[in-house]
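The structure appears right after this line, and notes come after that.
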Amino acid sequence: MTVVDTLLSGQLLFAALVTGSTYALVALGLNLVYGTLRVLNVAHGDVVMLGAYAGYWAFTGLGVSPLVAAPLIAALGAIAGLLLYRGVLRRMLGSGAASSVRLEGNSLLLFFGLSIILQNAAALALTPNNRGYSYLDTVVHLGGVAMTGHRHAALVIAGATCIAAALFLSRSLAGLTMRAVIEGREAAYIVGVDVERVQAMSFAIGFASAALAGVLLSMLEQFSPFSGFPYTIAAFIVIILGGLGNVAAGLGAALLLGAIETYGVALTSANLRSVLLYGVFVGALLLFPRGLFARRAARA
Amino acid sequence: MTTPLLAVRCLGKRFGGLVALDDVSFDVAAGETVGIMGANGAGKTTLFSLIAGNQQPSSGGVDFDGRPITGLSPDRVCRLGIGRTFQIVKPFPALSVLENLRTAAMFGRAGFRDAAAADRHSRAILDELGLADVAERPAGTLTLSGQKRLEIARAVATGARLVLLDEVMAGLTPTEVARMLETLRQLRATRGLTLLVIEHVMRALMDLCERIVVLHHGERIAIGTPAEIGADPRVLSVYLGAGA
Amino acid sequence: MPETLASAGASRIWGGTLAALALALGALPFVANDYAVATGLGLLMWLALTQSWCVLSKMTGYVSLGHVVFYGLGAYLVVVTWQQWPLWLAVLAAGALAAVFAALVGLPVLRVRGPYFVILTFGVAELVRYSILAAEAASGTASRILFGAPDLVFIYFAMYALAAAATLLLAQVAGSRFGHGLRSLRENEEAAETLGVPVVRYKLIAFVLSAAIPGMVGAVMALRSTYFVVGQVFDPMISVTMIAMALLGGGDGTRGPILGTLFLFTISELLWANAPLAYMLILGAILAGFVLLAPDGIVGIAAKLRARRSAPTKAPE
């Protein structure tokens, strides 16, 4: 296949869309959590992994279709997020850490430690082997593109959820409140926003969307206890490129990342998938050294 | 006519569309104390940041002791002899008060290579600023008033000839203001310091400064002795409203 | 938090302990079997790595989560030049390669602050890992078999020298004017620069200094493996272990990392053979637990206990 053929392939475009929309869904959760709390949850991808296992069991153990199990698992994720927020985070945030930068730096190591615990606990309890199952395996032809049914389903669900989230943030009052907290926590306090509730809510949505992404992932690929981390990295890239708290731009950034990966791999080789991912990651951070502080406000 | 110690020449700073400083010029002679006055957002702290090298000007320049220092990094500006305090104090919280000064003494113009000598130099300054009894305490445990005095002590400990004081009286009670004024006068006398002082506390400004520069929306609208400034119609209209 | 030397007595006890440790490790190959020597080698390796890491991350506060990249580059250089370069040259060149890499990458990377620096260093290490993996796959080399490695005792003493060098380096830096500048920029970078500390230059120097020894450590450890797999020498868990050991120990001198390394190494030796996943779990728990509950490590806890026992105005050094 020539380069031009590759680039114009509807097949690849579709694959890029599927990958991109999954990344967008994962990034959505991290965006909200980081945006409202300034806490870098590097264990976010592991929640995706846990969602994948949940989806796997729902199907192989209980015979429930992942499409049906998905909202339930997402709800479970939301509850887990709320519990984690109430249990651990509030204590950390309230302990009066020396400076906010130190807290952020420490919280990264904290969550990294949690990530390691999650991955290895899962490996211990569930074996480190790859898991997978087949669902909606039949190939569906749509406009010259041949894709398995589960890919269509994943794209629809991920895409719909992201668009709904973007609309929520831009149109609803609750969403506006959340954006206010993301842009200026102190100011939000002053105007009477219940910042506590917004933070709890963002944690809940964050974990829910990650769990949902996990269920979709379980339909699409084989996974292991260690599959989660690349999704964390992808989520970071999306947030850095799209801007903090900006879910709509994040969607665009996620699709771009999906495209870079899909087309990059197709043009070169599958070995380069991770090289591309981390290459974009390093590049994005170097280009935007202030990382996730996307707003360049004028200082008086 | 001797070269002024500090020459601010047509200094300008924009942040995107916002003009923080616009064509500001003035001189400071060695040994003088010059005040900077203006409402919040008038550009005072930006002025300090530009002089000290924390930020780069969009236009214009700064000369120190006859040579241009525009564009130099803050550490080089410090070694040349300019020290500054920050409006929002920036102590080294986990280091002791003495160690805070040690940094200044070792890396500033004073340039002590040896920690013991640096500490002797520092203790004298701590004495003058009433911080001698907390010398071994972590700087993060000091009260705000103590931390403000620490800011000044550090700036002086660099061995600077010109010290930029940014609102060091803010939040002090009248008694504390009086004490601080006395301390500053003493420091100035014993070390031959040239001072550039941003202040909102009028009494301190008028008391300490020989001349005052008034900024408004980033422009210099007046310069003169405290008496002249007090009578300047433009200053009065800005501070008391039109037609005053 | 700076090290607390509560009294001359305490520092004499520490000095004595350190000397005893040095002697014991030095005598090990002459009195023990190969298994014990290999274990001692592991301990020396971590002492060298952790203390080098501290030169950057404890002193400047820029926490590197990608330090394994220097180790891996050093190992890779030795493997690639196997039997073509004399070993001593390869090991020294490995240190130089790591230092040069740090110098080149350091300038852009050190502009990034706080947690972004942490994940960026992780990203750089992974990028190098995957790039080398891809290059090897493209050239058809999956793994390499190395013949003619020097014997264990030689490798042991090479590592002994590196561990000693790392200890000396960290002690020197911690006690020097340079080290004071690093601590200052850790506490508040803008204030430090305004007080005359050349922060950009100092950060870079600390970065390069922290890279050289790990490069040589990787090179020496490569001599141990007859069967070399690239992925292993860039394993992120090596970076994580360095951090955990330093965090466990606390402080910003040599005492903390040495204590932390001894402690964690003992745990790992007990678990690694039989329950590697459990060990990783404990590693993660230590990381999370200490960050949350005891961010100043063993040294910090000891200092707090001492402070509570003695006069209330006891101050850290």
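Letters are used for the chains, namely A, B and C, taken in the order the chains are written, and counting of residues starts over at 1 for each.
In the analysis below, a contact is a pair of C-beta atoms (placed from the backbone, for glycine too) under 8 Å apart; a residue touches a chain by one contact, two chains touch by 3 or more.
Remember, it's a predicted structure, so these values are computed and weren't measured experimentally.
Trainee: Whose Cα centre is nearest the centre of all Cα atoms in view?
Mentor: Given all protein C-alpha atoms shown, the central chain works out to be C.
Trainee: Of all the other chains, whose mean CA position lies farthest from chain B?
Mentor: The chain farthest from chain B, judged by C-alpha centres, is A.
Trainee: Can you give the whole-Å distance between the Cα centres of chain A and chain C?
Mentor: Computed from C-alpha means, the inter-chain centre distance equals 32 Å.
Trainee: If you average the CA atoms of chain B and of chain C, how many Å lie between those two points?
Mentor: Result: the chain centres lie 42 Å from each other.
Trainee: Per the centroid of Cα atoms for each chain, what is the distance between chain A and chain B, given in Å?
Mentor: For chain A versus chain B, the centre distance works out to 48 Å.
Trainee: Two or more other chains touching the same residue: where does that happen in chain B?
Mentor: Only 93-94 qualify.
Trainee: With touch defined as at the start, can you tell me which chain A residues reach chain C in the complex?
Mentor: Where chain A meets chain C, its residues are 40, 42, 92, 101, 104-117, 119-121, 123-124, 128, 233, 236, 269, 271-272, 274-275, 278-279, 281-282, 285-286, 289-292.
Trainee: Report the residues of chain C in contact with chain A in the complex, numbered from low to high.
Mentor: For this pair, the touching residues of chain C are 61, 63, 65, 108-109, 111-116, 118-120, 123-124, 126-127, 130-131, 133-134, 137-138, 240, 243, 247, 277-278, 280-281, 283-289, 291-292, 295.
Trainee: For a test of understanding, state which residues of chain C touch chain B in their complex under the given definition.
Mentor: Against chain B, the touching part of chain C is residues 1-2, 177, 180-181, 183-184, 187-188, 190-200, 313, 315-317.
Trainee: Where on chain B does chain C make contact in their complex?
Mentor: 52, 54, 73-75, 78-79, 83-84, 86, 90-96, 99, 102-104, 106-109, 113, 115, 136-138, 154-155, 158
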